[in-house]
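What follows is a pair of complexes built around chain A, which joins chain B in one and chain C in the other.
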Partner chain A sequence: MMGADLKQTLGVLVAGGIVFALAPSFIELHTLTVLTIYGLLALSQGLIWGFGGILCFGQAAFFGLGAYAYAIAAINIGESTVPFLLGIAVPFLFALVFGAMLFFGRLSDVYLGVITLVVTLIFFKFMNSTAGPQYVIGAAPLGGFNGIPAFPVLNIPGDPEAFIGSVGYYGICVAAILLTYALIRWLLASPFGRIAVAIRENETRAELMGYDIRLRKTLLFAIGGAIAGLAGTLFASWAEIVTPNMFSLTQSAEIIIWCIVGGRSTLVGPIIGAMALSYLKFLLGQQSLVDNMLILGLILMLTVLLLPRGIVPTLAQGITQAAARLRRRRIGEAQHGR
Partner chain B sequence: MDLAAIIALDVVYSIALLALISAGLAVVFGMMRVINLAHGEFMMIGGYATIMSVRAGVNIYVAMLVVAPLVVGIVGLLVERLMIRFLYGRLIDTMLATWGLSLFLVGAATMIFGNTTTGISPPIPGFAIGAYQVNGYNLFIILVAAVVLLAMYGVLSLTRAGLVARGAMQRPDMAAALGYDTERIYMITFVAGSALAGLAGGVLAPLVGLVPTTGAGFIGKAFITVISGGASIIAGVLSAAAVFGLVSETFTFLFKPVVGEVALLVAAVILLRILPQGITGRFFKGSM
Partner chain C sequence: MADSVLETHGLVMQFGGVTAVDHVDFKLARNELRCLIGPNGAGKSTFFKCLTGQLKPSGGRVVIGGTETTAWDPYAIARLGVGIKTQVPSVMDGLPVFENIWLAAYRTQGRQQARLQAEKVIDRLSLGAIADREVGRLSHGERQRVELGIVISMEPRLILLDEPAAGMTGEEVDTMAKIIGELSADAAIIVVEHDMQFIRSIARTVTVFNQGRILMEDDVDTVMSDVRVRDIYLGKKV
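Coming up: the complex of A and B.
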């Protein structure tokens, strides 16, 4: 990792740590925990879209898959360490196979969007239709439309009786998001990450330089799937129920909206977008004057039209420009005074 | 024998249904490479326009076939002028912006009509084939779909406006150089696509219990049909609708409706994996 990169990453981690430490004084802890989980989910989309140029309309599939994998394994096993790992591994493997099918078939943009969307819909329809006693995996009924309630939530590794309190769970989610952020920064600074960005910039050129773009895109897609799965696992343990709605079109749409509004060319942008918009949705849900879909839709339209790069990059540019102007003025004053 | 007739009718009906809900989207996508993700909500507006005008005493056929396309056409005009025209050539951005529009319209409809189901009854009674009861309205849908496709073909291939539109679709720069205002062509195309969505929504209004979120059920299928169809508007929609209609009806008949829906989606994935440019990217090339 280069010096400036390292410094920036550490800066973001420290700032993030401080914000997450102070936030519980302003927002209720239970809500804050899910906002953090959504931040993590947005991060997965931000990675593959912003840095790999892969617009996946079905990131919710991995989110839901992670949650279901965790819930089903937790019911069967009881102790949560293995289910937790499965919650990451299952979406990772699924994304790996699915991604290989897509990228080795050289599908891109709209077509990629359609297929990822369709696969999410398949999960949604299938899970909705699994009501009835014949749909069980081990001891876990899939439950159809009602989902799977009442499974063991995350415990301290090795001791199924040692449940984690709400403060501890918030801590785990914050640790997960900060750690994931750091790992992604490391990944992006490595040759793999640099080449991923090169592929985003110009696929043909990257391929002519001898890189196997199909394999690299598949791997990046799978890493994104694993992160979304982690978010799903944490969400399952937070909500204590998993339902087919995790696979819904609305869920996929929201992830994309978070990235667009926050700024998809950054990693901090999607996190901020996810947390801010989800909190806004939560606040809007408490009033009945304006429908919250109306507001979210309006935000999305206005962002695409007016701030196509998203809020964080636009703000960052504004601050840089203002700083440069200030510096120029100061130099001007100094020269004038002399 | 009766059973075979019923099944054949069901297959044709499901193909017609897919073609009808996809036609508007296909016009817009085929001509301007714009995916309107608010297409389902345009249909929802068409449905509400129909139901509202029937309740106000308008004849049901006038409401479905005239009022709904008119209302949604006007909505389309507003959307094109205020939003879409700033985003031409940016496929992904258009998709995202129209997705925002779709959420916005769902929210607006929820605030106006409430989150309750409204509906009207189909104006055509059922009849019997042998021992089986057939929904007479299904035949009307097949008729409307056929007329819509024929009319689209007629306009595109026989009229001067269709010729200009096809020219602008293939080479917008050349059409502009010959003095045709491409921006105006795009505007008219978008309005036409919206009106078709309104027509589809109006015709389907008696069949579905209309709620503000009805559109979401259509957009997935329409989107899949149009993309799998590929670049040619009519041949694409027709061939993709035929494949998907056949697959989903077969599996519905053999198992149950959910399996049929999943089979449709799986067929779409396989189809796009084999033919990434859609059906008309390989077959029926150069058709309309």
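Coming up: the complex of A and C.
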């Protein structure tokens, strides 16, 4: 069982590596980098929703928090290593405390969705209203609606002057998403991950087995927060500006749509959903004939109606079935020939 | 105190104006096998839920193995060695049979032993042929057995079985009775059942619930020949 799992993970990593290596020939590098970052963000949602059964409407909160933490720390510190780590640690800790309140309070799924969304919007409102000069953390003004521009972007660790070029930065983002994918697969194969899936399947039974589901859901939620924070940190260095829009309703909703369209029962599904839909949005943004949100809404509706499990699980099933049919036919032919 | 596995003192569970469990004093000795009968709505399943912590009692005390567990969380009570098979099988439908049982075994046995334990239990309940199947696709009787497997692999010292023979074929019922008999060598067991044949085949002492209270508690034959019991419960069936 473990062997097959490992083989599949390595297969996805190799295939992913090849796709990411070839992709710059087809898509402009700057765009491709942000698509990769969105893939990472979707991966965080895919983990906690698809495998932990936690439907968080506020994954954007951790994304934005990671970006702001990085930007603020980078202005104050300069060298990017500590800000980079803070960009992961701050959303992780926030998700840990926030998750503990949600899960130890035993909120039901609907309230969890509402509260996570509201918290994201509180961040959105708050960050929008920090334009005044009194809103400063160290040397970094929060900037309100305009956000924080002009902070030091990611540099080679230890050398603040050695900024990373666009090819190098794309490489970092690809490494981040592949490494995160591998770590999540490892986590899901470990007892912690197997129990997390058990909790998704049947909370009552998991608890009657003696597992403290509140603690386990909190931890998984915090891990998801850390990954979203990493995506936010990478986004900050890509955009070279962080704005309150990272906390917006659109951003929150898009992450969920990526997972639904791509297929949330897999890890690859959300990544593909995020990258494909974001690229489509980018292409649609270059024309003015139809509103791109209209098209994205249509895609979401069609997916939910026609492919309720999402694109990747449906494709995977189709391929497995086709392979089985082919094998049967071959056996049939062989017998016929004899 | 030391030789009782479970005691309740004046246990009360109210839902608004309805008292589902009404001042129940119950005592179960070590390795005792007890049957719980009573008409629908008598409070048997609610009583179980109070014992496992799924419901927080409105009043009274629950003592398990000398530890007061009133209003504890279910996971903490489970860790004292309490396993329950619920009325509607509570299993992980999307996971294979093996994974269901492994998850239960892992909590008590640790990583080294869990696999062996799960295999042992699957063997014991003859689930080998369906070990890789998804539980959601199995028949009701098979799901009942999977849930029993989950309970057994935890090696609990107090086992609560809510209608373990429901929806099973005659052969499966006999196997279930045999397994319960074997289990009672190492654990105290309470069985809620409606099947009188089944109760006769396993029980010594029977407790009768009616309207949230204990109506009587005696050996099988005395209970079955009691007029009140016939009136409230058996009269409708026999």
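Some points to look at:
Simple rule for what comes next: the second predicted complex is superposed on the first by the 337 of 338 C-alpha atoms of A that agree within 3 Å, B and C clash if a C-alpha of one lies under 4 Å from a C-alpha of the other, contacts with A are read in each partner's own complex, and residues count from 1 in each chain.
The rule is simple: contacts are C-beta pairs under 8 Å (C-beta built on N, C-alpha and C of every residue); 3 or more make two chains touch, one makes a residue touch a chain.
Source: prediction; values computed, not measured.
Once chain A of one complex is fitted onto chain A of the other, the partner contacts of A:126 are limited to chain B, with no touch recorded for chain C.
Using the contact criterion defined above for the overlaid structures, shared-chain residue A:211 touches chain C, although it does not reach chain B.
Shared-chain residue A:201: touches chain C; no touch with chain B. Between chain B and chain C, B touches the greater number of residues of chain A. In the superposed pair of complexes, A:136 makes contact with neither chain B nor chain C. Judged by the touch definition given at the top, the superposed model places A:105 against chain B, while chain C stays out of reach. Contacts of A:82 after superposition on the shared chain: neither chain B nor chain C is touched. Judged by the touch definition given at the top, the superposed model places A:115 against chain B, while chain C stays out of reach.
Within the complex formed with chain C, the residues of chain A that make contact are 191, 194-195, 197-198, 201-202, 204-213. Of all residues in chain B, only 35, 83, 86-87, 91-93, 95-97, 99-108, 110-111, 216, 220, 223-224, 227-228, 258, 261-262, 265-266, 268-269, 272-273, 276 touch chain A in the complex they form.
Residues 52, 54, 73-75, 78-79, 83-84, 86, 90-95, 99, 102-104, 106-108, 111, 150, 154 of chain C touch chain A in their complex. Remark: chain A residues 55, 101-102, 105-107, 109-111, 113-115, 117-119, 121-122, 125-126, 128-129, 249, 253, 256-257, 260, 290-305, 308 touch chain B in the complex.
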